[in-house]
């Protein structure tokens, strides 16, 4: 284990940044945290977490796929992949770190999505244990220990020091190259972890229990009468899906600038009315079906295909950001009322 | 750089056949003149025109042919563009996608009953010709095909001149309303299937408009068929065709990857959202 | 903003069918010169100009957008240009509020008889845009030509 | 207030004035209230909440709700009543199917602002006059209530309830509001500064469409941005131009109809001050065409569907003071 004094954090960032692009959560102009490319003067946020999750760095909201040049009857295919350079992302919370596992099962399963893959290979993840979780946090429900997150490197912070533990070979390699870090004892973080655990135990949403979703039949959950009531005030916006670290649906679109056609993909949301729209109509005509799709996917469909692992990591972003405050916790609790 | 599955290959439309007022069949070859890829009957491919859009289409031709054919009905953006295009036009193609019909496993050795309505013949066309090519691997073949009118029967010449004349294949055609020059059956497919009262030892492959499927299925069950005997193929909006973009997700299945061919008893386990 | 060397501005002029388009025609038949980089788009009435058209013109490479219509009171449809006047006033004001150069947008009333005014307006507007330089604040980078 | 609203809801249900009540429903915490339709006394008893966090403007839901069987009661705060009346004016709500209970309001609270003042893990907020006591997992803090108001409440334009069947609390007055101060501040900047300001703000947009979907004035059956054939559908932002396009058009489409209810800014997950675009239009309309408040009455013509022969020319934008860009 290594450490560095908190007042020297900037020199650590500078050292990492000298090797690879470094992203850290920093406050934006609205005072909310956002993963920001570090440069001299970028300061680590004091906020618990970023509004947009760390998935942005691996699965950006918009990315170029390929270009086409069309001339009369001929088409030329031109490489137009956004370049992906090696980068380090610092300050990823335990929940977001787990979300990478979920995104991996989608994007890295056959056929592999090479855009995501190259970012995953290029990205080194440094997690930061949570000292002050929010009331909306419920990562513990998914077996995530916010006091000891995964990642290539795990960090802990108290008032005096940032502690640093490399978990993977890549993490060790980076550690070796950082002379600003000094050695320290493994037990240095025990107190931080203990304090963090004390708080984690007290979180109001700890009692959320999802086991019923594993045991109930897909169609029974799907046909539950509560969906109508749950979705009645849903605005059909995409906030929940866009701030969610595990939402990965995308759209592929073409942009024609008159000289060439750029094919790009962008995030899409199952909450949008045109998500499944075809020439002859849509199979999810009302917000109820769209709303249900999102939660069924996280609570039933995804676990069915992935050994019971839920498609949620308990980061609490949708709890904080939904304009009408409908969220996976409320949905889960309501549905459970109807379950046997 | 690794080639991503989302990046298509170039193809060229080498022939266009007008089948009906709103259906054309497009022959697509690679720019090298070769067939772009080998498929299983029932599988699909993504065709696209850059700037217009990309859409998934059933492959109409049999894998035994040295080309890929797509029978496409004009109904949206991409299809309208395709209908307006001329031979020699390059397009992009990627695939094949989906599971296809189990032609070499569950269907082998069976008596087959094909039921198609309108453009629903497109995916079955591939299977029918595959079975004709390997005729000895299958039992009796019955084809029920219905359309709004005689003019709307896709690829009528081939049906009339080849399928109808082949031994061991019974073709039953029907159109919705009486029409001059038509001396065949008149009426909707579901009723026609019931009238024909097929043996229940057949395996059914069905594709057509949802309403036809619904009523034909009821008729088949009445005749004593079980849901395990019926295969159908689905169509939903798709963008990636790789099981990732999330659009064609029905229950825990992705139609583009786990489908589009489903046995009815499999469909019964999925939410009624298609 | 500095004037870029060799900068040839693209100017989109939306012209109402009844007055300004005829005005443009007249300036042509009278052999009055105005820059070739003014692209005229004929619309049925100045009121047809959807704010989206203005933005789309900028997206697709326009450096200036001008709307020409019948003089107030002369609208072929009686009142169309009065509505257009309010709309464009508010739109231009919002664009200005967002820091888009005011000079890039303009409305001018040109009658069918005012061929000379049309040419003069276009010359003047082109000059203004020349001074402003290429549209950078409301451009779509994907459409940039260089 | 909560008690009086609840009693009213129960009364309206029990005497069959209405079959449903539109209100706010309790959440997991004290602040995460969801707009909801209550159909039974039992639901009202158990789940109806009115508190400083009942910010959501319920008027837009009436477009759908007023078209269903039976009458629906709704609780409208003063600013919500402007949205309601504007929707009535546009024939979007069937008035005869709605029973409006107007409620007086002393400003609603913004959880984001409470959090922004350093309160993490908030478990309870107690109001006591001008002071808020905020209990968190990490201790208790006291905040000034004024510092925690929703933006629209901090610059409240009117306490008047413009449409109602009955009132709970006092009818209020239109207020002298300083709501245009920030717009004026921006107007006084140089174009470069204004451009930089909006680039910074709009670059945070994630195109979640919450601002559009929550807006009571955005009531098109199908939005141009949902129309594949419009050529502007792009739901995610591939270029900064699209951020500008979306927000300019969004604001323009509601110009003259926007009541300044502030919902767009309230719901923005990225805290973009979207109301400033709408307010700029309102300020301009007031200055160019005379003071107009959307939703204030049923008769006045909307400024964009009206004109006078001697309206100012668009060149007024060029002639106004300030540095030319």
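In order of appearance the chains are A, B, C and D, and numbering begins at 1 in each one.
Keep this in mind: contacts are C-beta pairs under 8 Å (C-beta built on N, C-alpha and C of every residue); 3 or more make two chains touch, one makes a residue touch a chain.
No experiment lies behind these values; they were computed from the predicted model shown.
J.: Based on mean C-alpha positions, I'd like to know which chain lies farthest from chain A.
T.: Centre of mass proxy via C-alpha means gives C as farthest from chain A.
J.: Counting only Cα atoms for the centres, state how far chain B is from chain D in Å.
T.: 51
J.: Averaging over Cα atoms per chain, report the distance between chain A and chain D in Å.
T.: The separation of the two C-alpha centroids amounts to 30 Å.
J.: Nearest whole angstrom, what separates the Cα centre of chain A from the Cα centre of chain B?
T.: 40
J.: Going through chain D residue by residue, note those that touch at least 2 other chains and give them in order.
T.: 228, 238
J.: Among the residues of chain A, which ones contact at least 2 other chains?
T.: Correct list: 251, 255, 268, 277.
J.: Hey, what residues on chain B touch two or more of the other chains?
T.: In chain B, the residues touching two or more other chains are 77.
J.: Pull out all the chain pairs that touch, please.
T.: Listed by label, chains in contact pair as A-B, A-C, A-D, C-D.
J.: Considering only the defined contacts, which chain C positions touch chain A in the complex?
T.: Contacts found on chain C: 60, 140, 142-143, 145.
J.: Any idea which chain A residues touch chain C in the complex?
T.: Within the complex, chain A touches chain C at residues 255, 257-259, 262.
J.: Can you tell me which positions in chain A touch chain D when the two form their complex?
T.: 28-32, 34, 48, 51-52, 61-62, 132-136, 199, 202-205, 229, 232-233, 235-239, 241-243, 251, 253, 255, 264, 266-269, 272-274, 277, 319, 321, 323-327, 329-330, 333
J.: Okay, in this complex, where on chain D does chain C touch?
T.: Going by the criterion above, the answer is residues 183, 186-187, 191-199, 224, 231-232, 238-242, 244-245, 248-249, 251-252, 255, 277, 280-281, 284-285, 288-289, 303-309, 311-318, 324-325.
J.: Write out the stretch or stretches of chain A touching chain B in their complex.
T.: Contacts found on chain A: 65-66, 68, 70, 73-75, 77, 79, 81, 106-107, 109, 111-115, 117-118, 218-219, 222-223, 248-252, 254, 256, 261, 263, 265, 268, 270, 275-280, 282-284, 289, 293, 296-297, 300-302, 304-305.
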